[in-house]
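There's a structure below that I have some questions on.
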């Protein structure tokens, strides 16, 4: 899966406290998180007295011009955001960080993930006279904080975090401190790092710490928040009602291969899952292993290493983004696929191929790639997916929230193989995935959130429950009937 | 070598005759050639009656907006260009194709490569009253054609091609025909393809044919030109004074891995050169092989396969381009490197590493990568270069034309190893390179242009001769004294 | 007074109900109101089901591109706004109309004028948990409406209008109706017109009705609001605590000469005030009358006609705006004045001149013009101002809110004459101004707001009171001691 | 006549030698000449060693950004241009100054006017192998200069000026000098001024000297050129075959009212022609005089003064340009007129009006204005034109070159009056115009070029002759038969 017809990534947050080049370093940090969101970006800065921000649509380089970046100089504290729209439309008013100026304080806030009770909270707040200015669910937390009667900003933040549900991380900046917060399941990741000069870094992924030459300090765990100010760093819990359930999709697809989540390097996990896949689902008589660039190359090299087959570059991805295609005819549309990805005829011709991909969501892309390889002369194609069947929608920050989009909700691997024109399709098992990641927490799924493969939602369903139940397919129902569910609809443990 | 501090690519040309979506297909074709030039792009179209063009600065998506592309619709013939400035400055007036309207005809022209007698031709033409409007050497051929007394455009073109020297391909479009031409050594590549509907394609690389779903027809050989019109395709020679000498750098670095030049697939050549390198220069006690993304990954996988070492992703390239960095402090400048490329700490820590790269030009990038890997904990780093020492400047379309830029002009592999902080540095031999490519022509270097490794210039030196001789280093002089030179300063065979 | 170093205009509002070209006509209407604000513009439209808007910075042609305008097509109802920032900063978030989407309705709102109790209302609302997203005072009314417990939108609007103080007009658009409202003194103007096809128009000035070929229907009077929907038009009062006090500055400077306010044509008023000025303050031995273009030409022609002197074009205004001047040296700064305005040497040389201007605010511009005319050879210059001394700040929507900016707060006409280098300076009397306008209402100042000349504030001072009192100059204090004040600090009549 | 549906202005040139702020002053000078061309602008600068330029499409503020202007700093010599396209299309390649870099020198060149033998010269040059890069006729002179065998640049320039025909001025900048040149009839104006610091100014109009605070030095006369360098200023003649024939349209319409041409102030000439018109064609029983803004206001005030009628502002021009109108329906198109110009109902209602305009070209605009005034309630409208009947096309730099566009080529004043819906139409006589301008040279038409009124072309017809003769209307033929022609088709005197 290599493009936006598959899964979409879901925002990255960044923060830095106490560095003279705060805005510039935030720009660099966000650049390393660009894979998490390409629809908009923003940076808010503070010098301890004033607080202001800049934002824009598109990639970071488009959203934050040199002039904007220049205007943010000479501030020591900053937060930043790259956005992919999981909820809310695409207007500039939804680009974060949001900057608020109140009569008594100023705050900037940004957010990764999805709040699954945002609609009901928003309706209740509007009923009380609150006015929302974006369609983003991020705005909800600010209203909760400002409506709170708690005696301090920190207490109001804790109170508000307890009211929201879903998978999320937040970064907030006031004149006095930088705050980070993680949902009660740690579905979405957040890490803290430290630079040599003493500046602290907050980021969705460790790659943003590495790019600045910082040292990793710690993960923020389920239900925790962190306060960073001139006194240093302090981590607290806003709730003890927690169950660790880190999104497996971060390992499988979202995160950069050089990032490390909960102590596990993403490339190493992917390579191991490729090896595990080779053990679980070998392909007889294959001549070579090919990965779908870029996210499946680690898994493919693992599969090749385990199976003893050569690892070849049978598909080439154009490294330049083609954003503005007008494709009026069917012929041009077909060619549109080849514009992004090319089969290397001289490599694949007359060969039996193991094609390793990280996931199949809708099946459209897989079908195109298989056809492209066959057009280039491949004799047979055995598709091997380095994750389990993507059978259930996700509501915690991934852009796949309706059942009808998911090919595995309705089709078996054999049916999918026929549908995409492959010679066979096989998936990694849920246990194989869990073993490959190797978290080893003493909670369901060893501390992973694997809801898309099991229909087991650790943070519950809330506003999404009615739709979820109405849309269940026969195949989904059958799966749920045959597998234990650890969590109920509010995300409480059933154990 | 992964970025513009190394070698720069040198333009791509494209043409199509007789397709209703000519401009759109040219856009797609140019997109697949984007790696050959990112400073500007243009498209010129004809419907057999009128001829016009659009062009702009930057990447194709910036240079040719939807509105511009729309304005080029409803024309059946087109040529296009992506530009990297080998000569001429960066203004819009240098972006090709150049479109000329004369009282008796209209012509569009674009060009890949470098003319080594352009300055002397230009001075002579200006002396006769010609006026040049760009600083591009491409304009010279148009003046030669218009000054010619030959009875037809084709004859004038042939006459003009015989006057220019260097490594080049041209695409020209008139209302009546599409022309392509290749220099007398075929230093720069040009291929013809055909679409199912009968449309003909002209392109710098086969990947542009593949992206449109076309069939490869043939390479245009040394000293040939091709005329494509409604009667079909006709290939002729404008000179018989030819010696095939295809740029080895096209295989090593420039071309896309899925392209095939003179019957040899680029990825396969690179993988083979990696294998050959493993045989010539093994690395004792190494734990893994790492390639510098993206151009060295094929060679690295070949090295790994031959040596039996695991192939790992120890370096991750940020797939998003960071174009607008302001880097005021030394600290930020150091971090700027990590913005483009990251070492994966969990992979490389405490490991003995074989680092495969395609070339070392100035040494700056290699030094940064080695330091980055050591900072990430690598125990030892053995640099293996999948090409010979880059010892001599290139004048045939590569942006390396002064001796002082070339680290190998002055330093031995051992000195370079020390300079870049590696534990050892070794290069592929010239013979190893020639064998890996495997052209097998019965001419010097089996039909390759390896001037950067041998100082042997198949097209001669012309305007560059005085500077070349003045700047020769001791190491270069010693090399030249000890190796046979097949070509003289006019590019004639010394055999 | 001809440029932004003097008074700044203060927004224009427009609305249309039930026309298939609503957005396009709003664009035209706003274009005719462009003189009221050049910093930003926006249009919001509704088709009875959805409501959406577009906005941007700069002049209308910059703010609303063809693409934006196109996206607003196929909607029958619209409001629009041109903005000059009287309060709030210049970011895009302050550009109106503001569009709000609530769970139960959608509203667009825009505003002309200034709310003088906005800061205290805002602080109180924030204290209750409201979140503001702009620094514009316009947002206050939306919060008041949404906080209201009134049973309908219209009732909530009425209740909210009673809470805000100052000089203002509002235009609001819901899916069901178009609303307009005017402050309890009718300081800022709002008119209703009707098109031949039955569509209703709402506008700050009648020129916007004329430009669309519509018929004038009526002025909206003090304390009134108008509801326009598919049932037609209905005008109501939200308060009966009203005293008509139309801003005299609308006649003197803001409005277009072809507009008519409260039955009085602006050009005719200006010409009459010029005649009155000639009677009150003739200039002996003058050779000609010159007006400062463009706003003072009507008054100048009136002065000429009354005095029998020839009316000449001694100053020429460059009709093109020079927006992006970099003026590093003092010499260039001096020339900067001439870039906007030129003296015609051949006309003014050796002449005794009556220079008619509409007002003197800071004196800077007048001094430059006088010097320019003297440099061009004028023998003597008698400055005649077609309004009274601008002695007090304005808080009702004009960008002059601090005493220290006002030259007349500290200097007599004689002192000003010396300061600007004129031979004499004379002003129209307050009674002469009132007579020239000729409103004839049986309330103070015959129904005009002349606070800048008398310090008598019909809508009171509210949040501005402390500053106003602290900053009073000796000259202001003396004036207030010698003249009756009709209004107290809440704007109640003292009679 | 107030907009682009009438006559179009035809470029302005500017030059400055020896001022540290040369680029900035050129920007200011061009701004004062903006009325002469709004389609593009450019500035070229030299510091005596290098020569470079910037240019762009649109108004000066759009064409020359702050960044571009900044890049031109620190050069002491400059020329600049504002362009209206009289010939050549609208692409950026036609925007001047053109900057040429030759092996032996660099030159920048710009041009006002039209060369009537450009096509034949261009064809001859192309036949000899010259390549043109724009469709502008300005490029011709550069080719002539470079083809010349003359021993110096100045001699080559003189030789080239003798070969071109038409109405023109040129400004050229080399590293050594600033050159200006005027056609052999002085049809287009060019003046020299001097600043206090000794810098010299070259400009199309004196207003550009005034705006910089410079002193007028002299007009460049027919057949003269000027050389300005560090030795001072030197005026020479390149031909003695001259007859002064200054374009009367410069006085009537093109030039700014504060400019002075050949000693006559433009505003004063216009006012005088209005007075003369009142004497020649009084309007019985009229109530007031109204001028069409802006170019006819001087003439209208003259008519009013002579006739004793009041001068009123019955038409108001919107000072903001509405450039991007989409006008899909007929209704919107009608309203489009009112967007630019409004009738003031309260002024014109029930009044008998004298409407003074500077010219009637196609009649379209006049018809719209008359209808607008009648719609606003005017009782009768007597149109008085402050120039003679515009009966013949112009080829010397005005955008009216086909007979069929000219309403007076086919209709009498009475027919035009009926066509535009007026109550009467009358024109100034040719003698009345000549007297009002008052040049008094002892040559035909007292030294004016009045070809549009008389069909008498002082510079001849050349490439335009065949078309001119083919298109002659009956009314034109009749006029020519009854009036003496002083010039033949080569522009030689018939006397």
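Think of it as A, B, C and D in the order they're written, each chain with its own count starting at 1.
Throughout what follows, a contact is a pair of C-beta atoms (placed from the backbone, for glycine too) under 8 Å apart; a residue touches a chain by one contact, two chains touch by 3 or more.
This one's a predicted model, so the numbers in the text were calculated from it and none came from an experiment.
Colleague: Which neighbours do subunit A and subunit C have in common?
Modeller: none
Colleague: Would you mind checking the shortest number of contact hops between subunit A and subunit D?
Modeller: Shortest path length, in steps: 2.
Colleague: Using CA atom averages as chain centres, what separation in Å is found between subunit B and subunit D?
Modeller: Those two chain centres are 52 Å apart.
Colleague: Averaging only over C-alpha atoms, locate the centres of subunit A and subunit B and give their separation in whole Å.
Modeller: Subunit A and subunit B have C-alpha centres separated by 38 Å.
Colleague: Centroid from C-alpha atoms only, then distance subunit B to subunit C, rounded to Å. What do you get?
Modeller: Each chain reduced to its C-alpha mean, subunit B and subunit C end up 63 Å apart.
Colleague: Residue numbers in subunit C touching 2 or more other chains?
Modeller: none
Colleague: According to the definition of touch, which chains form touching pairs?
Modeller: By the stated definition, chains touch in these pairs: A-B, A-C, B-D, C-D.
Colleague: Going by the contact rule at the top, pick out the subunit B residues touching subunit A in the complex.
Modeller: 21, 24-25, 27-28, 31-32, 34-35, 38, 59-61, 65-66, 69-70, 207, 210-213, 256-258, 260, 265, 267-268, 271, 294, 297-298, 301, 305, 310-313, 316, 318-329, 331-332, 334-336, 338-339, 342-347, 375
Colleague: Give the list of subunit C residues in touch with subunit A in this complex.
Modeller: Residues of subunit C touching subunit A: 92-93, 100-104, 122-123, 126-133, 135, 139, 142-143, 146-147.
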